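You will see two complexes here that share chain A, one where it goes with chain B and one where it goes with chain C.
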Partner chain A sequence: MVTTTVPVTVGPARPRRGGAPGGHRGRGAHLVPGGLRWILPGFVLSVGLIYYSIGYSGYLSFFDWGGGRRAMTPVGADNYVEAFSDPVFWTAIRNTAVFFVAVFAVQVVGGVLFAAAMHSKIYLANLYKVIIVIPVVVAPATLAPAHIQVWQTDGTLNRILDAVGLDVLVQGWLGQSTTSLLVITVVGCWGSVGFGFILFYAGMAQIDPEILEAARIDGGGNLRILYSIVLPSLRPTTFSLAILNFITALKLFDTVWLITQGGPAHSSEFLGTMIYSEVAASSRNLGYASALSMILLVVAVVTSVLIQRRSRERTPVEATVARV
Partner chain B sequence: MFETRTLRSRLLLQLVVTLAVVPFVIPLYAMVSRSFTGAGWGNYTAVLAVPGFARFFLNSAIVAGASVVIIYLATLMAAFGFSKLRVKRKEVLFWMMMAALTLPEVVLIAPLYATAVRLGLLGTFWSVILPIAALQIPFTVLIARGYVDGIPDTLFEAARLDGANTWRMFWNILVPLARPIAVALIILVLINAWNAYLLPKVFLIDQDMGVVTMLPEFFRRQYNDDTPKILAAAVVTALPTVIAYVSLQKHFERGMAAGAIK
Partner chain C sequence: MTRSRHLRAVGLAAAISLGLAACGSGSDGAADASVEPADSGEVTWWGWTPDTPVAERYIAEFNKEYPDIEVTYRNFENVDFRTTLTPALDSGEGPDVFDLSAAGGSPDTWGGYAVDLEPLAQEELGDDWESSFAGGYVDQLRDSEGRLVSLPLGGMSAGFLWYNQDLFDQAGAEVPTDYDSWVEACGKIAAIGKTCLAMGAGGADTFPSELYHAIANSVDPEFFIEAATGQAKWDDPQGVEVLQIIRDMRDDGIIAANALDAPQYPLANEEFMRGDAAMVQMGFWYTQYAGAESCKASMEAAGVSDPTCFVQVPTPMPDVAGEGNGSQYFGEVDYGLAINADSPNIAAAKTFVSWMTMSEAGQQNVANALDLLPALQGVAPDWSGISLVADDVQRPAIEELLAESTETTQSRQWQTTETTLDAMVLAIQQVLDPSSDRPIEEIAAEMQAAAEPSSVGVDG
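Then we have the complex of A and B:
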């Protein structure tokens, strides 16, 4: 009986304040036992480790450092200058934007349609559901060999294209800098439609059937109902997905590293792979990696706040539904 | 949601949905079918016979199990404190925690790598478990607190009047009543910890400390480019998760739907 199917409750990162049992200001407040030590373990672990890391990262970003016993050279803001003047950095930013827009669009459209279809009467609904959710629950790292098998030159996709007479399209998808980002993006869509589906499916289950019934009696068709009743009620979910997807695109690592390693010629590089290379390569520079991390952090925070603000500007859900 | 009154529209909907599922099947089908080429089941027996194979699963179980235990305890305790107990500047502390809600782990690897080297934690499971726990706790606390807020205060007051101390209230009231949310969160944490790749790759540098997500690379080294065996290994690695999902569908979906808010 978990009613965490959050879509209708809150926007991301903003829990409701106070609430009924939240603040014990009222009667008998002095009787309520103190709770600091109950909060402390989780607080120290998460806030401590995370704030420490961010602070240390900010500090390191002003040095050149190979890690361990090697010397730390203070370099001022050079790491940031280097990042902003590095064409690979801008490729990564562009890739992040492309990946985000494409995956988000496919996830929302695909997720809504699958969710609506599975709330209707269709055969094999559960089998279909399992198939589109498997890419979400199985680790991207585990599935990477399957994607390589699909996209490599003598792989499944080229064979399908050959079989249906589209052999002009047959090409080495993974080895070309023009198609590597396409592969990563399609793989990203493949792995995220199921997640959108689960959220939208849960969101749709919360729509009052009576409203749908009323709309039908008033002569509303399937598409009209989808557009005027269902979609407006899924707005909060969609904004949550936007933030999640943006962060995913910024930090993208697993799939990229295992399928293209950010190549060829850095054409499918993301901030995640750039930072990893700087930390793990033998020519590591933890200072540069830290500078990239700080940039990533700032972009992530600013964008999340912007998306969130936008999610609250529009008309509230209830008002939209009532107007139909 | 879609109402299909006529047989024609019903068939049309069925056809459209079926076609839409096809692209999702292709990689899965490619993986399974290619894994049988050449030696057939022999690929699988060869993979399972590789020494150290089981070790990857054991390591993943250690990482995921420890993360779950730490997160479960820390989360329920914090939710209890934030929701039902008296804490000075409660909301300030809460917001400090929530500020880290959407933090991507990649931001932490450079400073944590430097720290782990200095403290000699590199190549220990703690270097992976602690960051995983730290990154998930803000989110699990947010969800759990929302749930615990919904448990009536009167239950706890009655218990206190009956002479129960805070520990008793926690174990005998909160823990049992919070079970539904705890199950959802545990599954979510399990998926995330089991599927973690970046943190183990950076911190578990020892050969025999690999986790399941590092198996593809392990087998690529092992077999060079023997694709069927690499794919057989991927199938074997994916199987436990798939079985867990299919048999616990409801719980998985609840856990992930809770993740929407993150």
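Then we have the complex of A and C:
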């Protein structure tokens, strides 16, 4: 077994200004890390904008406020109570869960299969790579009109179904509460396979060819090698994708808003569209929107931590030993 | 840390604080709100309406009288306007003049940023200034403290339909006057492969409430405002009947099967302007597209290359309830022009707003654009300068529309809260959803539970 040690990066020794190396340093020097000046701009930006905004949202979530110069009325935890008792909120949570599970499953299966195929000797491999990655790089706003064209009542899908004799399946995919979430999920799956492919393709490239060769010498077929060697090696990538997908599902806004605006009758509502609706409507309710944002933040952080912990629990003992 | 480092850190913190303070301040360099109007200067004007070409025509006419005031107009989509305006006003980067409507409590939402324009109106029009404007417009633009936060530029009305005369002729159909004749006309229009009534009820837009309101007026002309103000319930028999009629319209092929695919804009607008639909429900603002030139621009915007204009004509809403109530229009001030209290250009802005809203020349301009009902009493379109696609057919219909719109006393959205409008849209979407079989009574009850009565314009 190969044993490695985690390298500790040590920079070149530099003479310190105002004191001899190893000599007695003042109390202030202990409190001010040497790299502070380098991280200060990023630190100010990060703390000043991002964390300040999070803190301010948390503060706003305890008020009834229409924004601007309107009066801010303290309402305690009413906004949170309202959120948890709002059926649309639970529809959004359900939709988020459905979207996450479906998109993650398709992304993993599709990504692994495409990556495995691209690592084989396949004709026109580069062309396939471009085709599979294009949905990842094109902005949702650019693609949304095309998706609408496909799914609308007189759109491409219904025309194809009609042409092949499946007219019994023709329906208003966007305008039905039973199919609108399906449209959003399918669009999400379509756009996500390419990203899964990129990560799994890179992950597969990291697998030591000697291990694969040894497996082949031992008589392992392609499927066996994929199942017993490749997939276990991709577990960290898969967990990372799970976290990213969950956060994407929680923050999902652009695709939904551009295609269904969360409708009809809130059937394709997500937290992101709920928050935007509260902010953009004439009767702006920034307090409620902030409460929804805080709930979103807490769910995202807690779930990410849980997935990460689960990931560590599942890390093979050998791999842990190998890293020690 | 050395003393110099301390000083640098304190200096940096001070600089950041000053920067943030500057960002948060919107009143730097603001002019005095009581300043007299000026004959020169610069004015920026933001609005979701009018369309840019119309605004440019307004500005060009204004500049004939005030060549030394440079006005720059910026047009936004509805939602973008709301989300852009507040931060801009808060940060001191807002426009000098901005659109401010009566709907959804807007005078309170943005009135705090606006100059009280009552003294200006009084100075311009005299003590009896309020009677110079069309009925109700001034009150609709006051905030809850009674300040006049914008001066009315024009009004609008709705509750009627526009139809494509060419398609009706081609289908051999008659313009419907009641439910049965509407079904018959739709059958003939469908036979030539066209949509009967283009409608966009998808998304979060509150536009479908106009159809509800128009049908409600056919059922019982008093019901809508009574329910909106809490004097009746949305699940009263009249409310249930309105929703049932909407479902029947879907089942009988009056409302297009794609109605929930998208909002009214762009779906229904583009379908009608492309000539793919025979009818559409739009308000007075659609009159501008009856013009011989403006119709081409609107058809091109809907995706028609090298368009040939069709004849579009307004017609009353058919008596769908069969109660003999006819079609009562509803309307209110569409929007007014507000002056940013933090603007450094209040003097020039006052001149511009005064001319647009209170001068006969400015209001004649508004009337001739056929976009709004002029706010100033006694101003009407000058037909000698207006070219329609088919003057003999369209002009009498538009003149009748103008007369009836001016007479309407029923508000459109002024007395309906945003929460109620949202509940109404939700109910309509459930009624139109082909995959839902929820009973109408249940949908109406849910709408009543979610609605929030308005106290606006209610006596006592």
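We take it that the second predicted complex is superposed on the first by the 282 of 324 C-alpha atoms of A that agree within 3 Å, B and C clash if a C-alpha of one lies under 4 Å from a C-alpha of the other, contacts with A are read in each partner's own complex, and residues count from 1 in each chain.
As a convention for this text, a contact is a pair of C-beta atoms (placed from the backbone, for glycine too) under 8 Å apart; a residue touches a chain by one contact, two chains touch by 3 or more.
Predicted, not measured: the structure shown is a model, and the values here were computed from it.
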In the superposed arrangement, does A:Val101 touch chain B (first), chain C (second), both or neither? neither
In the superposed model, which partner reaches more residues of chain A, chain B or chain C? B
One more residue to check, A:Leu231. First (chain B), second (chain C), both or neither? neither
Pick one for A:Ile211: touches chain B only (first), chain C only (second), both, or neither. neither
Have a look at where A:Val279 lands relative to chain B and chain C in the superposition and call it first, second, both or neither. both
One more residue to check, A:Ile93. First (chain B), second (chain C), both or neither? neither
Looking at A:Thr142, would you say it contacts chain B, chain C, both, or neither? Reply first, second, both or neither. first
Mind working out whether A:Leu161 is in touch with chain B, chain C, both or neither, as first, second, both or neither? neither
Contact-wise, after the overlay, does A:Phe43 reach chain B, chain C, both or neither (first, second, both, neither)? first
Partner chain(s) touched by A:Gly68 [first = chain B, second = chain C, both, neither]: both
Which positions of chain A sit in both the chain B and the chain C interface? 28, 31-32, 48, 67-68, 279-280
Of all residues in chain C, which touch chain A in the complex? 1-2, 5, 16, 79, 82-83, 86, 89-90, 103-106, 108-110, 112-113, 201-205, 257-263, 417-419, 422, 426, 429-430, 432-436
Sort out for me which residues of chain A touch chain B in the complex. 1-2, 4-7, 9-10, 12-13, 15-17, 19-24, 28-29, 31-39, 41-43, 45-54, 56-57, 60, 65, 67-68, 110, 113-117, 119-124, 126, 128-147, 149-150, 155-157, 160, 190, 193-195, 198-199, 201-202, 204, 212, 216, 222, 225-226, 230, 237, 240-241, 243-244, 247, 250-251, 253-254, 258, 271-272, 275-276, 278-280, 286, 289-290, 293-294, 296-297, 300, 304
Which residues of chain A touch chain C once you look at their complex with the stated criterion? 18, 28, 31-32, 44, 48, 66-70, 148, 152-154, 171-172, 174-179, 260-266, 277, 279-284
Inside the complex, what are the residues of chain B that reach chain A? 1-4, 10, 13-14, 16-18, 20-21, 23-31, 34, 70, 73-75, 77-78, 80-88, 90-91, 93-94, 96-98, 100-115, 117, 130-131, 133-135, 137-138, 141-143, 145-147, 149-153, 157, 160, 166, 170, 180-181, 183-184, 191, 194-195, 197-198, 201-202, 212-217, 227, 230-231, 233-234, 237-238, 241-242, 244-246, 249, 252-254, 256-258, 260-262
